[in-house]
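Chain IDs A, B, C and D follow the sequence of writing; residue 1 opens each chain.
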Amino acid sequence: MDLYEYQGKQLFARFGIPVSEGKLASSPEEARAVAEELGGQVVVKAQVLTGGRGKAGGIKLADTPEEAARRAEEILGLDIRGHIVGKVWVEKASDIAKEYYLSITFDRGEKQPLLMLTTEGGVEIEEVAERSPDALARVHVDPLMGFQPFQARWLCFTAGVADPDEQKQVIGLVGRLYDAFVGADAMLCEINPLIVTPEGEVKALDSKFTVDDNALFRHPDIAEMRDLDAGEPQERLAREKGVTYVKLDGEIGILGNGAGLVMSTLDVIAQVGGRPANFCDLGGGGDAEGVVDALEVITSDPQVKGILFNIFGGITRGDEVARGILEALDRMTIELPIVVRLDGTNAEEGRAMLIEAASPNLYVEETMLSAAERVVELAGAR
Amino acid sequence: MDLYEYQGKQLFARFGIPVSEGKLASSPEEARAVAEELGGQVVVKAQVLTGGRGKAGGIKLADTPEEAARRAEEILGLDIRGHIVGKVWVEKASDIAKEYYLSITFDRGEKQPLLMLTTEGGVEIEEVAERSPDALARVHVDPLMGFQPFQARWLCFTAGVADPDEQKQVIGLVGRLYDAFVGADAMLCEINPLIVTPEGEVKALDSKFTVDDNALFRHPDIAEMRDLDAGEPQERLAREKGVTYVKLDGEIGILGNGAGLVMSTLDVIAQVGGRPANFCDLGGGGDAEGVVDALEVITSDPQVKGILFNIFGGITRGDEVARGILEALDRMTIELPIVVRLDGTNAEEGRAMLIEAASPNLYVEETMLSAAERVVELAGAR
Amino acid sequence: MAIIVDSETRLVVQGITGREGSFHAARNKAYGTNVVAGVTPGKGGGDVDGIPVFDSVREAVAETSPNTAMVFVPARFAADAIYEAVDAGIETVICITEGIPAHDMLRVYNYVYPRGVTLVGPNCPGVLSPGKANVGIIPAEIFREGNVGLVSRSGTLTYQIGHELAQLGVGQSTIVGIGGDPVVGSSFLDVLARFERDPETEYVVMVGEIGGAEEEKAASFIEAEMTKPVIAYIAGFTAPPGKTMGHAGAIISGTAGTAQAKKEALEAHGVRVGTNPTEVARLVAEVVGART
Amino acid sequence: MAIIVDSETRLVVQGITGREGSFHAARNKAYGTNVVAGVTPGKGGGDVDGIPVFDSVREAVAETSPNTAMVFVPARFAADAIYEAVDAGIETVICITEGIPAHDMLRVYNYVYPRGVTLVGPNCPGVLSPGKANVGIIPAEIFREGNVGLVSRSGTLTYQIGHELAQLGVGQSTIVGIGGDPVVGSSFLDVLARFERDPETEYVVMVGEIGGAEEEKAASFIEAEMTKPVIAYIAGFTAPPGKTMGHAGAIISGTAGTAQAKKEALEAHGVRVGTNPTEVARLVAEVVGART
């Protein structure tokens, strides 16, 4: 689960990482009031779960409350990489002497958290990694040893943070960021830029914070931060129904069981000339109710021109999936062609049920490849 | 640093371990007020840093506030194993269906914390260990893995905590006790008895809590719990002056550098027929100021009839110690015989200084053994 | 021999009285796996399908000497269950449970690994050595005995490939589902190294997917260390960056972890890569046919 | 050969710019120890008595290849310093610092031990192999080269015994101060096992004190595993229960840890025990004389 900048900063503050004072606003009027309350120059920042806000005009300075309101008006409603801005964060503007970058990520290969620090902050870290890899100091933390100050010192010495007072602040901050990473079950904590003010104060000017969905049961407060309105409408619906669904751009709706098989199905659709409309995993269960829910989500996407079921039964039983398809056709009006490929546990029974139902838009295919070809052909004809 | 029962219970409560409601009282009047506030039957418990309070009459029930005041009057001022009761803890009386024992100690051999649980609580654990060792369930916790619930389950199954609801409470409680042990840098956390009420509620009826002195810098709140008035007057003085000192019962005051050498010196004194009055370690430094402070503490004990310095210089320099002795003799009036044995770094210079000073009660000896014999002889003559 | 599980396997099932645990314990037993014990705290003394149930793994070990544990315990208690198995001396732990917090697994992995314990999963279908033992939820009927080792991050995709291989007459030595989580106990490298050492395995199929860099590392390893032919398949060519594709680990971050990059890395190290399950099965049949 | 430190030792001193660190680094160097580097964060680039100073152990390792670290860092930063040394690949860490929280050392020990690193201390005088290397604060002039290994929980008591031995003409292979804290990196057992393996050591003197059960464990070990004669000394016969005698580890709890119990355990396993430093030195001289 990705957090908005302001939510990440709330967590930062909770773990003692210095951030600027600010407040959320969802209208120009609110932005004006916040600016008034904060006093002085403020910065109005679009809250969207994507990067590139600056270039897209989503971050603006304002000298007066009136200007803050005007800036908020410009920013609210902006479309930034497909994300519509619904809220802005208004905070006291900071003077910036230096821009650093600090992050903790999950290094899956090393199976250890990875700390990264560079004094070349404020730009995309991939750029820095490519342009001047030596400028990017990296150190792994053994999760059993936990973070130790020597690791933060190493980051400072290697990245070239030379000023002793800055070093001291950065070392403390790295420790607190590690605490936040562990304490909030984060997959990523990134501060870019981590700024040094002309007075020598080090603080987080932005936040990128991703929390492990599997650990949200330990963090009801963070779970509540989820913005149910964010994302595509189909994805919202999927969340409500508990369906594992990712919206894509094509016209072939896809359901399968198991993430790998579904990804593979998307690829095969592309290979036979189609474009997948979504990723949708029925998961291990795949009972009738789940099939109905998933079909509701997929058909809510108006771009979908045909639907492919690709089921390889293991725990999932073919007859159960067939029952779900028939039940869905009973409850909903689906005129789109539905191609079904069933294999594995109880697949024969399932296929028999579907053939017997003899629904005019229901097609049963033997192999994954032939099913993909069939659905692309049928969708193309529409 | 040992904590009083009520201080340990404060820490228990902070870590979510259930304890009875209560308050501290240092007079019968206060005890009456507390009993009034708590209502119902209360128990009045002597707060001393030693065991065996029950047998010594330091724990009494009271049905009314008046009785609580009378009981407090009886208990306050009691001498329990050499500890004078200055405060009582008045808490709501608990109905007891079962008495268990639960502790976490530092297993120095295994270098891991050791959890112990037995359903035969309420008596000295050494007794249980001797009488029915199988009744004492033990499990080590790897400090890197941390406490895991399976360990508490194992304790319950092995100790014979059979009731599922009790098990659940005990498992939670063991986890919280481990948190307290780590969180407070404890060397020992003991609950004896851990009771089960007739209603099935599990709670800590007593607490024994020892915190690592070396870690007190992390716990200023716990450091403040230290009772500066506890212990012998010489030990209080030693604490104030920062002298490592333990009061003993004999008549030979002993100063040395290094804990092992001082212990060895005590033994040698005993072997030659004397009785050591104290353990006093000048430590690694052993500068003049430290010598003066230590002499002040040692001579404040009226039982002392002679003083032995046993110094083997390493970092400690013999001349520095000699200077301290002479300075002390300058500042204080010490009529007791002082026997000095100096060896190691700058010992010759030190000896020369002492001989030159020609103080009438100052004796320089060549070996540890001869010095011990000399001081016992001189002390005996007084 | 096969790898990880075989006829020497003595299995204890943790969480055996749960719905999934009891169902699959019985299935594994019916397949011929030597399921010696089950564990559910508080249910000790009973039995599931004739398998004795104990309160703790330690007791199960004392009474029935298992060497392998299968974990079906719910996600929030799963780390505890793995520690319990390792603490009781179990050498191989196969964790089926999905949804375990990544930080839990991070600690578990770093605790377990230096102790020489083999951990497979979590969030994996288990390990099947056809004709010897099945530990997990893999539908054994898809697979047949043979000399091709199969290692995969995905369950059903593995079944699909096994199914296609079976149709071409190719059998397997062992099928290992390593799981799709960010932190898994056994990586491609670990399993490839075992297949390389296993006399019954002559060919290996590796089924990867987007996310992470394990396939790239495996590519270098295969070239440097392996004598046995490896054929690979990667899923997720059409996956967009920044979206988690079902598996918590299947996410393309920035430019890293794309299927294309993985395919190129593998091919650069001389590993043939199929672009769909049918093609990969055909490639395997080709290689196996060429050598037999 | 000697044990732990010898002429192969390449020493880095952590906390070298402190008062104690600089004093003893120079002394150790003057003795002939190969002191290759010092570390003090933020003081990199300078030198102490000709010893180059670095900001981190990792840098010191890259530039000067030390294999041993001596820790003089203040107590609250000492655990960090030990981790830093181990992380940088140092094989032997000798920690002089006293006052380190016991829980810090508990974690350090359990982290360091499985990694095969030798940790001596904390709160110890260090290790001296006469004529080869001195790492720590032991006054080398008391000791002379010889074939008696000396291991002790106490510093000055060791000097006392070394002094008495010297007067009887007995020299040492290595003197190891293991420290008096509740958690020490090397126990009597660890050091006894090393002495047993060391060809230059023919006799061992073990200097114990009240508290813990290490002397008792050592007694069984000596009887079961050691061929070389061991003479023991225990301090603290007059110590009362429940009082910490200077060392955090020197405390008699209940009936455990008394000097008498330790003496009896040692004697029951055939180890001769002296009751004061003079007597123990005489016993050693006797044994050495009897065998030469």
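Criterion: a residue touches a chain if its C-beta (ideal position, glycine included) is under 8 Å from a C-beta of that chain, and two chains touch if they have at least 3 such contacts.
None of the values given here were measured: they were computed from a predicted structure.
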Between B-C and A-C, the pair with more C-beta contacts: A-C
Distance-maximising chain from chain D - centres being C-alpha averages: A
Chain A and chain C: spacing of chain centres that average the CA atoms, whole Å: 27
Whole-Å gap separating chain C and chain D, where each centre is the average of the chain's CA atoms: 47
Centre distance in Å when chain B and chain C are each reduced to the mean of their C-alpha atoms: 54
Touching two or more other chains - residue numbers and ranges from chain D: 107, 111
Where chain A touches two or more other chains, by residue: 142, 144-145
Touching residues on chain A, where the partner in the complex is chain D: 142, 144-145, 148-151, 153-154, 157, 164, 167
Chain D residues touching chain A - in the complex, by the definition given at the top: 41-42, 44, 55-59, 77, 79-81, 83-84, 87, 107, 111
Complex contacts: residues of chain D adjacent to chain B: 20, 75-76, 98-104, 106-107, 109-111, 113, 125, 137-139, 142, 152-160, 163, 180, 182-183, 207, 209-214, 217, 235-240, 243-250, 254-255, 259, 275-278
Footprint of chain D on chain B - complex, ascending: 106, 108-109, 111-113, 126, 142-144, 182, 185, 187, 212-215, 217-218, 244, 246, 248, 256-264, 266-271, 276, 279, 281, 284, 312-316, 343-345, 367-369
